[in-house]
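For reference, the structure I am asking about is given below.
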Amino acid sequence: MNLTDPRTIFDCNERVREQRPLVQNIANFVSMTISANVLLAAGSSPAMVHAAEEVDDFSAIASALCINIGTLSPDWVRSMKVAAEWYGRRGKPWLLDPVGVGATKLRDRTAAELIALRPTAIRANAGEILALAGQSGSVRGVDSAAGSKAAIGAAIALAKSTGAIVAATGETDYVTDGRQLIAIEGGHALMPVSTALGCALSSLCGAFLAVAEPMPAMISALAVYAAAGKIAGKRVKGPGHLPAELCDALHNLCEADIAANSVVRSLPVTEVA
Amino acid sequence: MNLTDPRTIFDCNERVREQRPLVQNIANFVSMTISANVLLAAGSSPAMVHAAEEVDDFSAIASALCINIGTLSPDWVRSMKVAAEWYGRRGKPWLLDPVGVGATKLRDRTAAELIALRPTAIRANAGEILALAGQSGSVRGVDSAAGSKAAIGAAIALAKSTGAIVAATGETDYVTDGRQLIAIEGGHALMPVSTALGCALSSLCGAFLAVAEPMPAMISALAVYAAAGKIAGKRVKGPGHLPAELCDALHNLCEADIAANSVVRSLPVTEVA
Amino acid sequence: MNLTDPRTIFDCNERVREQRPLVQNIANFVSMTISANVLLAAGSSPAMVHAAEEVDDFSAIASALCINIGTLSPDWVRSMKVAAEWYGRRGKPWLLDPVGVGATKLRDRTAAELIALRPTAIRANAGEILALAGQSGSVRGVDSAAGSKAAIGAAIALAKSTGAIVAATGETDYVTDGRQLIAIEGGHALMPVSTALGCALSSLCGAFLAVAEPMPAMISALAVYAAAGKIAGKRVKGPGHLPAELCDALHNLCEADIAANSVVRSLPVTEVA
């Protein structure tokens, strides 16, 4: 399987549309609506379920879980840990989006506790990846002060130490399992100007993790989103309509759109070191 | 009064615009924004108030309540029950939207406890209506795996056993008080692809319950929404802009729009059995 | 400095774009997304952080705080008070948006406790300003039953008694420090028909408070929003697309837009009395 081939990528997208995986999200209050809409637009079935009391039942019927620590409180942290344990126990994939890690001790501790439960994948911006790798000074609130390229080394180290597929996203996205490194280009400069589009991408990754092996799933989700984001960005004159156009682009995406609006390539080993 | 007449339906809509009823919502985190916007677009005044400590005060000034169990936690469940009791005590209408009932024991128990407090109306998709009627295997997360027609019998039984007006919505909506059965067609295939539009419809029902008797209120709310949804669906090329177009259609809706974009008919008694 | 000059106003907007202040929001569940999007569109960096456990850390890196009491519960009230204390202690500006004060005792008590912690600014609709001034019967849920002009006297008294800059917003906005009174016109009749646009304005005020003195900051934020709102209103045919157009207008706003779409004037002392 050629992980960077538009056909491989689109096949994964088609599987989401056919299987309509049920994806549980313990999302943040800002991202819930756009995450649900992105999942629906891609053909998946979202559920925002956060009560610790429900996780046993819900993890039995859902196919994947996305945990987002964007808006924390102690009872939500408890739910996140219980949920991560249930999905792990059932052998179902789950993704961690460590929003704002590095900004507060509560976020640092929560992210560390969740990573110890062995997420299938981690998606974050460069500052968050650097913070997870113990390199401080890179997070500014929930936005990253660093470009994604600066986080490649930390992403690879994180993948090696945790066993998770790690995606460091930004103007270029990087995905690694610790041995391979894939770069994905696409998207649009307005995407960081519309709230929670990174969180919504994490939820989308959850849907793809439900239908494919982790590495191709993450690459495909990021490439599909990069392509849809670029298509959407060309249709707007500001950030306001971007989420709606992004959903339309995801809903209508065809294989040719991926080749025309994203670049996916494997980086040589020398850059991995 | 002819319940299926566009004029009767539109009169109810006009009363919402004139009286601007204050509707309290204990909504879910995903639906709050679109529910508020749908209520505003229809001419009502929404308030998202969930603290148990506030319900006594707020139920004194509001005209109706909509309870949505989409994103549960134990303290919210407590608030829902306290609120249902206050509205019942004050003789004010309240509606239950039992999102995801059948998917977890917490949802089953919460829905049962709330139904015991005698809601004025219940709006749900087919899978949820079937789950309330004890027919399992019909809910898939928060989406329904069954068509609304399959839930007619369960809806009638539920109306009879609870005294509530029951609406089972889907491609065709069915409303029943246990004796009459009304079918409403309209809407658009993209509506389930945009999150929480069913929840927003429940909130809209709350506004109509504040200005009319339960049966005509529910029929009118569903017909108005079906018409606005169809108008909105024709204006979009994907799910992204659907919520915005839906609000515009509700805001600008005139009587002729209802006849042209919805079909409301009374079903013969034989189908009720 | 001429507080009403479009250049002064736009300079403040430019400072937001250049400094990209990090603004913490303890927002309500309805306003979070639109507040974040308005802050991003204006060039600021929003963070929705509400855990009491995080406030110490986060107030060290953020430049301003906006507290919105729209959807209350006891633990959020605790967080709000802890946050207000931290920002006060660090000498950083914070704004209170007392949503729905006057409607319930919990809101009255919470608003009073927060005002005792000396907010830099207060932004509210007329009914809420009147309720804070002890004039009941003016609040209807979270909407105001009174025009903003009726609240001028109460706004001035509130500014004098609290030391906060007070903004009473509505069809015309009034800003006062207790000695000066500035009126701002602009916006669009559809703005109250789209949920939480007042809450989003409060968050925007937070960004401006981070880059300028309180009185010019509040005047500038309100004038910028009035201009963007008027531009957005002209582009829509209903409330649905208004939030998106508002964000686009904020994102693309130039100095000429302010003069062309808002009127800012100082009112004579006789009206202040």
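By written order: A, B and C. Residues from 1 in each chain.
Throughout what follows, a residue touches a chain if its C-beta (ideal position, glycine included) is under 8 Å from a C-beta of that chain, and two chains touch if they have at least 3 such contacts.
Please read these numbers as outputs of a predicted model, since none were measured by experiment.
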item	value
Chains in simultaneous contact with chain A and chain B	C
Rotation angle (°) superposing Cα atoms of chain B on chain C, nearest 5	120
Same-residue or different-residue interface between chain A and chain C, half as cut-off	different
Rounded Å distance between chain A and chain C, as computed from the means of their C-alpha atoms	33
Multi-partner residues of chain A (at least 2 other chains)	29, 33, 241, 244
Complex contacts: residues of chain B adjacent to chain A	28-30, 33-34, 70-74, 100, 103-107, 140-143, 192-196, 236-241, 244
Touching residues (chain side chain A, partner chain B) in the complex	22, 24, 29, 32-33, 36-37, 40-41, 45-51, 53-54, 57-58, 61-62, 75, 241, 243-249, 251-252
